[in-house]
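Each of the two complexes below includes chain A, the first together with chain B, the second together with chain C.
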Partner chain A sequence: MESAKVIETLGLRKTFRDFWRRPVVEAVKGLDFSVRQGEVFGLLGPNGSGKSTTIKMLLGLLHPTAGEIRVLGAAPSDTRVKARIGYLPEVSHLHPFLTPRETLMYYASLFGMSHGVAARRTAELLTMVDLAHAADRAVGRFSKGMARRVGVAQALVNAPELLILDEPTSGLDPLGCREVKDLVRLLARNGVTVLMTSHLLADVEDVCDRVAILDRGVLRAEGQIADLLRKPDAVRFLVEGLSEEEASALRRELEARAGCRVQQDFPAMSLEAFFLQVVAQDGRLRTFEMAPFLQAEHVPGKGPA
Partner chain B sequence: MIKAVTQSVRRIGGVALLAVRASLRTKVVASLLVLLTVCVAVLPGVVKGDGTPEGDVHILLAYTLGFAFGIQCLATLWASCALFAAEIDSERMSLSAVKPVRAAEFWAGKWLALLALNAAVLLVVYAGVYAQLAWRMHRSGWEAADRPVSRRVTRPVLPTPREEARQTFELMRQKDLLPKGLSEKAVLRALEEKAQERYDVINPGEQVRWQFRLARPLREGEPVTVRVKFDTEYSTREHVKGVCRLSCRERPGKTVEVALDDFTQNALEFAVDTRAFASEEAGKEASRSGGNGLREFELVFLHAGDPHKSSALMVRFRQDVALLTPGGSFEANFARAACVQWGVLALLAAFGLTLSACFSLPVAAFVATVLLVLTMVGNSVVQVVTEEDEALWRNRIGIWVSRGVHGASSQAMSVEPLKALTNGERIEVGVLGASLAWNVAWLPLLLAVAGCAVLRRRELADAD
Partner chain C sequence: MIRPPQTATGVWRTLKQAAAIAGTTLTEAIQQPVALLILLAAVLMTLLSPVFQFHRFSEDGRLARDSGLACMLVFGLVLAAGTAGRSVADEIARGTAAAAIGKPVSRVTFVLAKWLGIFGVVALFWCGVLAATLLAERCSAHFLTLEDFSGYATDPWTLVSSFLGVALALAAAAAGHYWRRRRFGVGAFAGVALSQVAVAAVSGFYNRFGQLYPLHGEAACSGCGGEHAHAAAGLVWYHPELNLRVLPVALLVLFALAIFAALATALATRLQTGAALAVCAGVLILGLAGDAFTAGATALSLRGLLAGVLPDVQHFWLCDAVARGGRVAWSYVAEAGAYAATCCAICLTAGCLAFQDRDLG
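Moving on to the complex of A and B:
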């Protein structure tokens, strides 16, 4: 069954102009793509390829020069649509004089939430992004990653159905990266649609169902990540606990059976895994838990109403 | 429906709270308060008065409050210019703009924040000035007559300048005296200006008569003060003498006569005790008419100077002749003056906000300053414009802009609260209401509509 399209663009174009309306850059050149309900969609591309520009047009922050956009079935400027979206910009533009708590309360108030609901969600989100200890310090003095965490939290305050993340892992430590990836996966499992951009291809590979690759404003490739990356005629085995001689024997056996060369190596632990292991020894590695209100809002398996 | 309204109120509240926090934590308000404290605390000490209570009152009410208001006007204009512009320029707006907030809610929230901040600052300034006033009164033991008062101003019963202009116009038309080549509107405008400035010439030996009708009748025993401003040649002032006779329709037969021989001061003021009108006969009359108060007065002024030495007196009777009667407490009037100023600040805030929605901070601040200057010179531009200037279309735009700015600003500034306070004139509640309706409702609404239209169309992620 084909699920509903949450984002759909048709011939989307954006030309930036200078003060005299002369064209300066054509950042997006006729983009067609769609994101379906409940999937995690990755928008990839080199620097300056138009990813952020596309996202800003989806949010109504920039007006397209040409083309059509439907987000959750309506135009991006519709406030009813805005109420169902969460957005994390490339750079977290936070008000430096506010504390994380006040920041979240402010954005909650923009959704028309009552003080009680806003306060509860704020507390849960602060715990989730591990900022409860710094909840009452001004964000202006926060480290980049800490500010990023506040940004992630504010994107979730309305329990969005559609989450748009522009480079969500930039500035985060491996721990934070992993938590964001866990979060995205958990949200997706509960029916939230996610559109994210990233340069860290490993991150994209970990969480995205589908990707599109953008280059200089043009869509170069699009599809299921598994389909795009599959090497159709190669198989890899991973075996643990073999001695070196046993491994060599096994390889020779396989070569004889398959009639071709078989590659053999001893995989090292990834640096990320090693880092997490070291931090875990300090007892700092906490188990990531999604904020309770997000779980309650999004019942697993069934997309939000 | 109700849910939508409460949500909207919460959004506006959120935006307003952010603006208040921004101005409190970025020390805008703090530095303003320091400046104002210096102004309120130091200025009255530095400016040397003439030592009289009247002088002290003038320094506190006219200079100190005026200076503080000037500072507050600039601060409000500047802060409001920054409110949208800074947020858009720094791209912080992009985070708020993706939330389900309407442009009008952003505008209203920020404007309300400015209103609240201005109210708080005004409260501090006025409390400070009042405390000083009370302290001076206490320290130097001012007499009741020296204390600031609040009095109703009643001007002579006359047709309004507009009515008079119309009458004159009809008369001129009948006699075919209308100037050729001028539009009816231009003639009427000129006639109206003339009517406003019209004066009586009183030669020695002549007398003039003015009728007054009080809006609120006087009770027996309440004083009535006569104020007349004369224009005369300075060199002959010493020789001018006059006699004022005040009578009251409700108490016929009695006239209070005051001889005036010091015309060296421009404005003459003297109080009349209304008990002087009481007589047995009049008392009977009063009781027959149900003890009604005194309402209708007649003032006769006789030029009693030496015809050889003194010259004629001139009185612009629409502006310079008035009866002053008790009109509530000074404190209430003081508070009304604060309200008038608050209204002007609200208008400035709306003006700055809308500019801020249209332009980046430097441009908005520049445009605001230019328009402020235009309001100051607009008056003179409007007055010197001739029909010929207007015939050229390239002049017309400038003239229209000046006229528009002048029209709006003169309406906005039509009440002069500090002048009223120093002159001890009551600011009528109706006048205050009209001023607030214009400054806090109508003009801001227009500005808000314009600002929101721009805000909706603007690309809020664009950093330039």
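Moving on to the complex of A and C:
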């Protein structure tokens, strides 16, 4: 059975206009795509390809020039739907003089949470994004990555069913990136649908089930990551513990069998893995802990009206 | 699936959202140094008028009263329009408005809550300047004829306390910032405004010669309408020697400020801060010039149209009505309040409509 469509767009267009209503740029040109319940969907594309514009239309921040949008079965401006969405903007827009604690309390109250619930979630989220030590400093003086962490926390304050992340890893250190990616996977396992944009292909490859590639407002490709990336006629073996001579002998044998050239290389560790290993030696690598309220048990079919 | 959060819905949630947005707007606005400067300028100018009293204007204390009310209107207007620009136009530009609208906040709630927060700032300012105006009038030289005194008498005690109140409020805010890490701007703004209210309240415990009540014999009083003295017959325990007839006039000014806050909020959904301020100033001038400008205009002429569209600020500027013991009837205040509420409703409706299809990107 195909799972329900959480996001669906039909012929979505956005033309930005100037003061005199003359068209300036056509940022999105007839976009059709859908995101299904429970999947992690990546929206890829070069700078200025219309990713953020699309997301802002999904949230009702921008009004489409043409086309249709359904988010969780309703129009994007419906506040009941927005109560079930978490949104991390491209740039963390925060009130500069508020502390992270006050920021999260503020956003929690926009969801109508009681003070007690809001305070508990705030504390849990601050621990989760590793900002408990800076909880009472004004965010206006935060580093980019710290502000980003506040942004991630505020997107989760309502335990959303649909999480929309606009470049979630931008500005984060490798540890933070790893944590955000782990978080996305964990949430997805808990049934949260995630839509994220990025131009860091490695990030997308790590976490997304399906991707769409946008270029200058047009959808160029869409599909399961595994399908898109598979080379249909190539096979790769990974063998550990061979000496250089043994490896060469093996390659010659394979070439003789297959009747064509066989490539041989010595794979290096990725820089990310190396970085994490080095930092972990100092004992700094936190084991990532999800806020308890985000780990709640499966409650089928129970969503706010 | 993750358990949905326990949240309020419907009207209750809207009220919570409005309170959160208005509260954040208020704190952010009075946190700005320029807001404190505007309040300090208005309060200090008002308090200085009895010191530099050049002219009696045919009535003791009138100069202080009129200049206090003028400061209230003019600085209040700048504060209202500036705050609206900062907290609506700038937030739209910076993206914090989009962050709020990305949550389950309707655009109408957002605009109304913004106005509420801006009005809160203006109301706090108004309290401070009103108290300062009452104090300035009390401290001005009044001509008194008492059994043991005849001549001009000022009230140095109260004047010094008023200035001390300002200084203490600033010092307390600085101390709170240093030791408790409280926000200086918020403490200072609220402190300065409330210090004037406190001094006005305390000034009822003594007369203008610094004698504590209860007093036997004559206690000079210029605050009860006529310039009379309280005789020994009734023992007086507490007698704020303040011209409370100013209160309705000041309330009218507050109504005018509420309209300007609504106008500025509506404009700021589309215009930059500077442009919003300029339009507000224009409306103030045209509205004050109202009578002269639109006199004899028929409904069909351009002037008539302007007269119909602009809020008539003249209705809210009744300084002269309290001169020489005059009073403004409360029924008039109620009518003006209804007029102001209508103007606010019109401005805010226009603001909501303008914001409704504004792109937040």
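By definition in this document, the second predicted complex is superposed on the first by the 296 of 305 C-alpha atoms of A that agree within 3 Å, B and C clash if a C-alpha of one lies under 4 Å from a C-alpha of the other, contacts with A are read in each partner's own complex, and residues count from 1 in each chain.
Everything that follows uses one rule, which is that a residue touches a chain if its C-beta (ideal position, glycine included) is under 8 Å from a C-beta of that chain, and two chains touch if they have at least 3 such contacts.
Treat the numbers as computed from the prediction; the structure is a model and nothing was measured.
Upon superposition of the two complexes on chain A, a steric clash is found between chain B and chain C. Measured by the number of chain A residues touched, the leading partner among chain B and chain C is C.
Once the two complexes are laid over each other on the shared chain, residue contacts for A:V192 go to chain C alone; chain B is not touched. Of the two partner chains placed by superposition, chain B and chain C are both touched by A:S114.
When the two complexes are overlaid on their common chain A, residue A:L294 makes contact with chain C while staying clear of chain B.
Of the two partner chains placed by the overlay, chain B and chain C both lie in contact with A:R80. Across the two superposed structures, the residue set of chain A contacted by chain B and also by chain C is 56, 59-63, 79-80, 82-83, 85, 87, 89, 91, 93-95, 97-98, 106-107, 109-114, 154. Residue ranges on chain B touching chain A, taken from their complex, read 6-8, 10-11, 13-15, 17-18, 21-22, 25-26, 90-92, 94-102, 456, 459-462.
Against chain A, the residues of chain C that register as touching in their complex are 1-9, 12-13, 16-17, 19-21, 24, 27-28, 31, 94-96, 98-106, 181, 183, 357, 359-361. For chain A in complex with chain B, the touching residues are 56, 59-63, 77, 79-80, 82-83, 85, 87, 89, 91, 93-95, 97-98, 102, 105-114, 154. By the touch criterion stated above, chain A contacts chain C in their complex at residues 16, 52-53, 56, 59-63, 79-85, 87, 89, 91, 93-95, 97-98, 106-107, 109-114, 117, 121, 136, 154, 158-161, 187, 190-192, 293-300, 302-305.
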